[in-house]
Every structure is written in structure tokens, then in C-alpha cells.
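See the structures that follow.
Both complexes below contain subunit A, partnered by subunit B and then by subunit C.
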Partner chain A sequence: MKKSMLLTVISLFWSATLFAAGTQYNLRVDGLACPFCAYGIEKKLINTEGVESVMFDLENGLVIVKAKEGVTLTESMLKQLINDAGFTLRSMSEQPL
Partner chain B sequence: MKIQSLFIIATTLLLTSCAWFPSVKEPPYQLVKTWGGKGEATGQFNEPTGVAVSKSEVFVSDSRNGRIQVFDFDGNFQRVSDGGQLGRPMNLTVANDELYVADYFNDVIQIYTLQGQFLHAIGKPGAGPGELNAPGGVAVAKNGDLFVADFYNQRVQQLDANGAFIRQWGTPGETGVWAGEFNYPTDVALSNDGALYVTDGYNDRVQSFSPNGDFSHKWGGPLAMNIFGSFNGWFATVTGITIGPQGNVFVADFYNDRVQKFRPDGEFLNTFGLPTQGPTHTAIAVAVADDGTVFVADYANHHIQKWRPGE
Partner chain C sequence: MKPIQQLLVAVIPLLFMVGTALAHNPVFSPGPHVLFKEGVEIHAGADRSKAGQKEENKLGLELTYGVTGDWSAGIELPYANVEEGSHNSNGIGDLRLFTKYRFWRESTLGVQQSAAVFLNAMLDNGDDKTKPALGSGSTDTLLGFTYGYESLKWYRWTSIRYRRNGENSGGLRRGDKWLVDFALGYRPTMPVYLKPDTVWILELNGERGQRAELNGSVLNSTGANTGGTEWFISPGIFWTQRNFAIKAGIQLPVVSDLNGNQAESDYRAKAEFEWHL
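For the complex of A and B:
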């Protein structure tokens, strides 16, 4: 009994930690050439509720978005934001932080 | 007849290739020093994206730190601007003893004293006359008029000193490769005689306009129509431009990791940059002091490079 209570507490703590850490979205964007366009995407994303930070990997055409706990950014939403910034979202992946 | 035609074709091809693949016409520039490094401390940068010079100081857009840092010509830190006003500072201009900052995130041109005191801002977000959408660079005429590279609006605007619209080149929402059209203009510069030079970012070219506003000429690869490359006189995403003391035009050629120098008519003169094995993004903006010393904002290494002309 004690053991199962302990396991429950640990798993709750683990999931709460996971939940609190948010999510990282890795967006592969076509035409990401320089900070001018990267900042244009960042400007769109940073004003989106729940977005904590936006970083870039120009070499690989990647936009790395970190979202706050409990926030989900859908592919269609991100596609639209990238499109509004004048670029095309090629693919995306996400991972818990 | 046939031989004559072949001769004409061969001569034409030869002349064309000479024009499209020019050679260096000056001694090489020498790298004197670099300073900076990534960080938030004074003297460090987080993505420097702009540089300008006064008579004795270097001003740097420390972009992701949201501030302007000032150094002497040897890289010694002097002071930092009031950071509270700035969003994402890009290309800079020093004119009329004031510092003009293109603030990409706030859609304004911020104006400071050279000591770092904020004076006022010009512009507001939008696509209408006098409105800005992610300004990338600014130049200032002798009468105080501002010329703004209005990046997302695909135009260059001329505004008076109070921000009132005078005229524009390019059209919001429209990109193009023909003369007078833009594909994300990143920066502007004015020569002493009032000619306007624009780095037409993703068209990989420079466009020039005469003081009366008419299109003058363009250069950058064959026909200057968005054909990029790494040959002399070609570009791969141009991000900064300035006029040197002799009236020559210096262009930051971002994806080629170099600065290229041209006569005002676009004739290629020289090129310099850090040795690289591929695009490393080491030249995003350029400024030239009165003695010919060149300062380059090195985006990738979070440095400022100082170069001297070859003897």
C-alpha cells in the first residue's frame, strides 16, 4: 500500500514537472535566409499567447519555439503564423522539455 | 560571314564574362582585430546586426540584448544606450550628430543623441504612408529627411524629419525583380550628392536612384535579377550598405561572409571577410570611418571586425 502511494506521488510529481516544463517545437522553414526574415517570424510568434522564446538555426533552416506549460501550438496555427511572416512551414516536430 | 558571326558572338561572350566576373582592383584589406563575444555583459553581444561610426566611436546594434553599445575605434567599451526603448535594433546611421536606429520589432526609427539619450521615434506600425513594417535600415539626408528600408512593406520610404511621408520606391505587398521593385529591402545609404543606394535583400542586388528619385542603375550577378552567387560582384542576401569617405559603396554580403566594395556606378573594386568553408554569417552590417577603416558586424561570432585598407 505504502509502495503504491509512493509510486503515485512520484508519478504525479514527474508528470507535474513534465507539464510545467512546456514543449519545444522544431519548425523547418523554407527560405530562412538571414536574421531579417528570422526576426520577422519571431515577431509573429512572440506575440502568440504561451510562446516563451523563439530561437533560430539558420544553417538548418530551423525555428525553435518554446511554449509555456499547458500551452499547445497546433500545426495549422504555426503554419499560418509562418505564412503570415512570408515563409513556408515545411515540417515540424515537438518534444517535451 | 560565318567566321565574322562567330567572332562577334565570342567577343560578346568574352566582354560579358569580364563584366560578370570582375577581378580585384585594390590591395587586400587586412583584419586588424575583433572584439565582443556572446553574452549580456558590457562589451559582449547577442547577435549584432548593425554598426555605424561617428568621428571617433563605433555604435553597435546589440540586437537580441535590445541595446546599442558604443566603443572607441580600438574596441574599448565606452557606454550603452538607454535600452528601455529598443525592441530589435538593426542597421544604424549616424547623421547630424544623432544616432538613428531602425527598430524592427517596434516598427519605428528611434533617434538618440550620440551620448545615448533617447530623443524621439518616427513612424508607427502599418503599411500606409509614413507607417512601417519591420524597418531594416535608415539613411538621413542633409536636410533631415529620412530614407527607410521598410522591409516587410517591400519599399523604401522618404519621410521628412517629423515623419511625414514624402514619397516611396516599391509597393507594399508586392515583390519584383525589375528596376525599382524590391524583394525585402534591408538597408539604405545616401551619397554626398544625394544618390540613394538600397540593398535589395533577397533580390541579391543593390539598386541606386538619382537624387530626383529616378531609377539609376543596379548591380549584383547577371542582369542584377535575383541570380545569386559567390563570384566577385555577385551577392547572396545583402543585408547592409554604407558609403565610404571616397564615395565608394560597401555592401555586407551575408551568405558570402564578406564585404564587397564598389565604385558608385557599381564597378567592383574589392572584397574581404573572414576565411570560411561555407556560409557562416560573419558579415551582416558595415560602417566605414573617415580614415577608411572598416567595421563589420559579425552576426555569427557576436563580434565586431576591424579592417584596414591594404597599402
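For the complex of A and C:
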């Protein structure tokens, strides 16, 4: 019994260590009307240190950015990157992964 | 920054020009789109035109660099094959340097409206002594304005351009030209990132050319087979996937009112490939 409890605790700890890392940023971007143009956003963000992935939901104007643990992407930084790609950052939220 | 980007950063601003036929712009006319900051576009295109006995095929390679998110610049190197009756010429055509600045951008959810001005310079490096000539023999400039509305479903663009032609070594100056364009685009299915995306385009392109001048005097009507008006209807397609794009279309004349005895345009066709880096 003690052994199985110990295994459960270790498993929980391990999974928490493995998955509760990094941050997801949900960016509401205005002007996103074509996937070809959205590539500029992907290029700017993916070259940012600590960014692991960039996904798009064009219909809802969403850019979903996953960053590594310990990496913080500030609103001003993201606003500049989105502007350099030719779009406008309207709002953003973040959640831990 | 990668070496190719460093090279472009060094060279292109010196030539002071920046980007034209980019991204979701119409096939035969300019739109306000520019490249993202520090982006590079490699553009390869093939043009074919036929007017009476004259047939022209051109292959063009363009490089464009995004100086900022709203300003781009580039250079086009054309290779031309021109046939006129029994004569045929092949070789490098006139180099084109171009720059575009998007001075206004209004974005809402899934919609972007924007406007840009642009400047092209067509150099006189192409051989104008061959028959038919490969180059114009003069340095020409083109200044334009363009507006675009882009949404997930519909596109519309309009533009106006003025081409100022220079004088060649023989004192001949081809007439200046006004060009006006209206274009409509329709995307039948909602775009999904990384999936192929298709936009159908229909353009109306108008051109009005003035008569040529010789040593500063307008050629009179007796020998002036130059200038006039043409309108084209131009269906086209824009297909993209991530950072690759293919554009193609054909221009068909619907109105032709040319001065003197000139061959009317039969058609013009274009196919282009774009790769964003």
C-alpha cells in the first residue's frame, strides 16, 4: 500500500514537472485575413528566444504562442513584433502550461 | 541576421528602393501589401504578350526586402525573348528597381484596409539596338498609389499609376502613360493556417498612353502610330500555402482605341511564384 502511494506521489510530481512548464500567450490580432500574410507573424515570433510554437486561428484572429518555462514575453515586445509583421495586436492573455 | 539579409540590407537601401508585387496583391496591378520587417521575398515570374505580329516572352527574377513592416524595396532582373515578324531577339531586359511604402493601415477582426505609394525605376541597360529591341533605351519612372481592402472572404483593390518615360539616345521619347486598375477577389473557403488557400481574382485594367515625342516635339498624326487607350478584363488566381504562393492570370482586351495604325493587344498572360523567407 505504502509502495503504491509512493509511486503515485512520484508520478504526480514527475508529470507536474514535465507538463506544468512554460506559458501560453493568446494574442488577439487584428487584420489577419490571409494565411500567406500570417507567415510574417510566425517568422517574427518563432525567431524570438524561448518561443516553442506559434499557431493561428484566423477566423477568430487568434495567435497562440507557447513559450518555454522561465521565458516572459511582454506586451510591448509582442506588440512591436506583430506591428513589424504588418498587423495590430488588440489584446492578449496568458496562462501557465 | 542571415548573410543574405545582411547583403540586402547593405545594398538595397543604397539603391534606395523598396517592394512592389507582394503577397495578396492582384496579378496585373499593384496592391498595398508589403513584406514583413527583415523578410525576404524571392519572386520568379513569366510574362507573355501578343499584339499582332509582335510576341514577347519575359522571365523575371525579383528580390524584395522588408525594411520595416510597412516599407519594402527590391530589384527585378528580366530576361526577354521578343519576336516581331521574322525578327527575333533574346537577352537581358531593363532592370527594375522598386520601392513601396504603406502609409496607412486600419485593422479589425479578420479585415485589413491599407494604402500605399510606390516608385519604380526602369533602367536603360537592355539592348535597344537589336531588332526588335530588348530595352527601351531610356530610364523610365513609375509613380503610383494603391488602396486595398482584405477580409477572410472578399478582397478589393484599386490603383492609379503614372509612367514617365525618358528620352533615348536618338531623341525619341515614348509617350507617358496613365494606368488605372480595379480588382475584386473572392475566397470560396475559410482559410486555415498551413492549409492551401485559393483566392479568385477579377481585374479591370485601363491604360492611356500619350503620343511619342521626337527631340521634344510631339509626333504629329501622319507618323504617330503611338499612344492610345486600352482596357483589359483580367481573370486570375492566387494560390498559397504557408510561405509559398503561385499567381496566374490572363489579360483580355475589351476596349482598344489606339492612335494611328497600331496592332491591338491580343492577350497578355502571367504566372508567378513567390517564396517568403
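We adopt the following convention: the second predicted complex is superposed on the first by the 78 of 97 C-alpha atoms of A that agree within 3 Å, B and C clash if a C-alpha of one lies under 4 Å from a C-alpha of the other, contacts with A are read in each partner's own complex, and residues count from 1 in each chain.
Quick note on the criterion: contacts are C-beta pairs under 8 Å (C-beta built on N, C-alpha and C of every residue); 3 or more make two chains touch, one makes a residue touch a chain.
On a predicted model such as this, the values are computed, not experimentally measured, just so you know.
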Taking subunit A as the common reference for superposition, should the pair subunit B and subunit C be classed as clashing or as fitting? clash
Output check: A:T88 vs subunit B and subunit C. Expected answer is one of first, second, both, neither. What do you get? second
Between subunit C and subunit B, which one touches more residues of subunit A when both complexes sit on the common chain A? C
Partner chain in contact with A:K44 - subunit B first, subunit C second, else both or neither: second
Applying the document's definition of touch, where does A:L78 land relative to subunit B and subunit C: first, second, both, or neither? neither
Between subunit B and subunit C, whom does A:P35 touch in the aligned arrangement: first, second, both, or neither? both
With the two structures laid over each other on chain A, which partner does A:L27 touch: subunit B (first), subunit C (second), both, or neither? neither
On the A-aligned overlay, A:L58 touches which partner chain: subunit B = first, subunit C = second, or both, or neither? both
Clash-wise, after the superposition, say which stretch of subunit B runs into subunit C: 1-9, 37-45, 73-81 or 127-135. 127-135
Contacts on subunit A seen with subunit B and repeated with subunit C across the two complexes: 33-37, 39-40, 43, 58-59, 86
Under the touch definition given earlier, write down the residues of subunit C that touch subunit A in their complex. 23-24, 33-39, 68-70, 102, 105, 107-112, 150-152, 190-195, 197, 199, 240-243, 245, 276
Please name which positions on subunit B make contact with subunit A in the complex. 47, 49, 63, 88, 90, 104-105, 134, 136, 151-152, 184, 186, 201-202, 237, 239, 254-255, 279, 281, 284, 299
Which positions of subunit A touch subunit C when the two form their complex? 28, 30-41, 43-44, 55-56, 58-61, 83-88, 90
Using the touch rule from the top, collect the residues of subunit A that touch subunit B in their complex. 33-37, 39-40, 43, 58-59, 86
